[in-house]
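Below are the structure tokens for one structure; questions will follow.
Every chain is named by a letter (A, B and C) in the order it is written, and numbering of its residues begins at 1.
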Amino acid sequence: MQEFLQQMVNGLSLGAIYALIALGYTMVYGIIMLINFAHGDILMVGAYIGFFSVVVLGTNIFVAMAIAMIACAVLGVVIEKVAYRPLRNSTRIAALITAIGVSFFLEYTTIFFLTPNQRVYPAEAFPVTNYDVMGITLSSKDIFVFISAVVLMVILQYIIKRTKTGKAMRAVSLDKEAAMLMGISVDKTISITFAIGSALAAAAGVMIGVYYNSINPLMGIIPGLKAFVAAVLGGIGIIPGAMVGGFLMGILETLVSGYGSSLYRDAVAFGVLIIILLIKPTGLFGKNTGEKV
Amino acid sequence: MQKTQHFKPVQFIIEVGILVVIFTLVQYLISAGLLNQYYQINLASICINIILAVSLNLINGFTGQLSLGHAGFMAVGAYASVIMTTYMELPFIVGIIAACLAAALAGFIIGVPTLRLRGDYLAIATLGFGEIIRVVLQNIDYVNGPAGIMGISKLSTWPWLFGSVVITILVIVNLVNSSYGRAIISVREDEVAAELMGVNTTKYKVLAFVVGAMFAGLAGALYAHYFYIIKPETFNFMKSFDILVMVVLGGLGSTTGAIIAAIFITVLTAALQSFPAIRMILYAVILVTVMIYRPQGLMGNRELGRRTFGRLWGDKK
Amino acid sequence: MSVMIIEHLHKSFGGLSAVLDFNAYLEEQELIGLIGPNGAGKTTVFNLITGVYKPDEGTIRFAGQNITGLPPYEICSRGIARTFQNIRLFKDLTVLDNVRIALHKDVQYPLLSAVFRSPGFFKGEADIRKEADEFLEIFNLADKRDEIASNLPYGEQRRLEIARALATHPRLLILDEPAAGMNPQETAELMELIRSIRQQFNLTILLIEHDMSLVMGVCERIYVLDYGQIIAEGSPEEIRNNKRVIEAYLGEEVS
């Protein structure tokens, strides 16, 4: 039982990270129907910016996270403008291939400038203390990750539900043309969506740096794919779905690597993906829509 | 697009003649020691990549179903053939047949459930299946898990490579330029309309997927028996993306485009061997610019030199 | 003898009934019209018959067999072909290929014969080509066979759609607003064409049309659909004088 609770604690921290990443996928998909393959790589860039902020500027981890979020928000907006906007009216396949291209670009430009080597996240940025709560080890890392993720999600919910920007985002994702006729700037709204999604990814990147202690230029691929699965699991395009999906994925993964083979850990995500796609492609929270003839 | 086909004996003889000349010339260069190791390796890579690109193009280009799992089928073929040749010490041909059958079977098993999905969902599902194949191979002790299999005999000689390329192109071009091929293309053009015109779209999607997977398996067998060693990691999704880049660059739905792109990308990869990061950045720029400025790929769905080249592959008995 | 009998067909989308207890029969070689105000559910009926949608309830019998819920390609191979309200040609393919794809379901050579280019393949392809040309000839499209479908003028695209449908060798041809967007002269030619292909191919034809002159001119019997239900059935003459039909089209207040 204790073992199980321990796994749950680990799963919740990991799940919080996946949920943050999944939110970016889901928001972008919801608004322009694009699987932003480069999303995981924005996370990687965020992790690096956080790293340099701590190492070079000597900031604490919270400032580092804020800097990473702002920088990646800008990066996200630029990527959308340069690579995705020209393709807005082309096929979804073309957009997906472009996203794969952007992903390559971020990964290998980083490798080119910063070498493919691992970097260890500075320990002084985040001193780790372990607390023992009823026999369960609760690390300050877990607490940091979980609380910051939840705070960010609450802020996101507030933005989407209560602000004018959020209203515009919901409107554009429902019907671009109608939103445009209502005086909403579609381009601006899409830019904001990318900015928010990328900022969340950057935060997740810094968290992964803290959580796993090391970063590398290809670190974004696997969490990116898993978070994508989480988004699909919850119903892509649906924001609460991404959160629930993220936590479910995190818990499932820690359970599998805890009780099963850790080698199969990465296959879990894809297994879940395929099962959900075959049984209910619209996800746990999704509604079915048919094609019009 | 397709012209009605008649059998033209004179042309047939000329075309076979050209193939024989190419084959003999290279064979002579190799046996006379005029082609050094570096060029030989590149030649083998070109052959293998042509098979991969042309077969993926059948799925992505002609059928319009974006698959990101081609490397998975290559892995199945590679392992199946190595089990036959290295483990069971059977002749290479048995290994090749086993590779094709195993990959085709994998294509069928994966294709039937996933091909119900559309567009980007299918892309992600095939990516997932490709990765699952890799992870499963990593967990099978019989094939040494992540360490892979070493000491495979180098059986992929020029005749095998050349023959495989010719057969792959012939089968796929002949398939595409037939009523079955038109049915496959109709799926890409408008699935609903195709279905209502009596085309069993699921069947043709699966058919294209199985044939594509089969040739990926062939490429895997040739790869394993040229480079001595196979590891599950070799066949990860980056390998699938490599093949995708060739297909996209050449033009979705153009076999000649896929062939040219496969040659170009292989040569580019070899030239940039010491700068892997630059190679990938270049890939990235190619993908994005091609999609933005010429989303149909460099060749679109046209074939190069229909009159000369096209018939070489098209009207063969 | 009835070639098609539809009984108690029902379909709803998210609680909204699009088709409600639809009953109809089509006699062999009859030319029947299905009319009704916009949104009455006409196209939904077509989609149910051709298998695009699965009915919630009810049965569709065609040529003595129950075809309810079969996949579209299967229904097509039983002998039902259709056109679309918004033209759905294979628009990037040639005119010829559009027709040849429709001929595929009766292809005479096996797959391996295509791969190995056996004599059967060349013979089969020649036959397909010949037959496709015959259809294009009938619809006056023969000299456009190598054009890309989307480059054809509108009226020719509509004709090509009918040619493509006929190439599947149907017993029942379903036309969804064949005259939409045509001028009166084109419409008149189309009426002539519909009559003549019915003769030539022994077809039963069911059509949706808004152009009343066309419907009244060619149809032998008409069903009127409103809010997913049949409100009238009869000869053009009867329909013209039916009070409920007039109400449905013009609104209650007029009567």
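As a working rule, contacts are C-beta pairs under 8 Å (C-beta built on N, C-alpha and C of every residue); 3 or more make two chains touch, one makes a residue touch a chain.
Remember, it's a predicted structure, so these values are computed and weren't measured experimentally.
Most remote from subunit B, judged by the distance between CA-atom centroids, is C. Comparing each chain's Cα centroid with the centroid of every protein Cα atom identifies chain B as the most central. Inter-chain spacing, taken between the CA centroids of subunit A and subunit C, is 49 Å. Our note on geometry: subunit A versus subunit B, Cα centroid distance of 33 Å, whole angstroms.
The geometric centre of subunit B is 41 Å away from that of subunit C, both derived from CA atoms. In subunit B, 192 are the positions where the chain touches two or more neighbouring chains simultaneously. In subunit A, 293 are the positions where the chain touches two or more neighbouring chains simultaneously. Shared interface positions of subunit C, i.e. residues touching 2 or more other chains, are given as 52, 84.
Residues 35, 83, 86-87, 90-98, 100-105, 107-109, 111-112, 116, 225, 228-229, 232, 261, 263-264, 266-267, 269-271, 273-274, 277-278, 281, 291, 293 of subunit A are the ones touching subunit B in the complex. Listed in rising order, the residues of subunit B touching subunit A in the complex are 64, 66, 113-114, 116-117, 119-121, 123-125, 127-129, 131-132, 135-136, 138-139, 145-146, 192, 241, 244, 248, 276-278, 280-281, 283-288, 291-292, 295. Those residues of subunit B that touch subunit C in the complex are listed here as 1-2, 4-7, 171, 174-175, 178-183, 185-186, 189-190, 192-201, 207, 301, 315-317. Residues 50-52, 71-74, 76-77, 81-82, 84, 88-94, 97, 100-105, 107, 109, 111, 114-119, 121-122, 124-126, 128-129, 164-165, 167-168 of subunit C are the ones that touch subunit B when the two sit in their complex.
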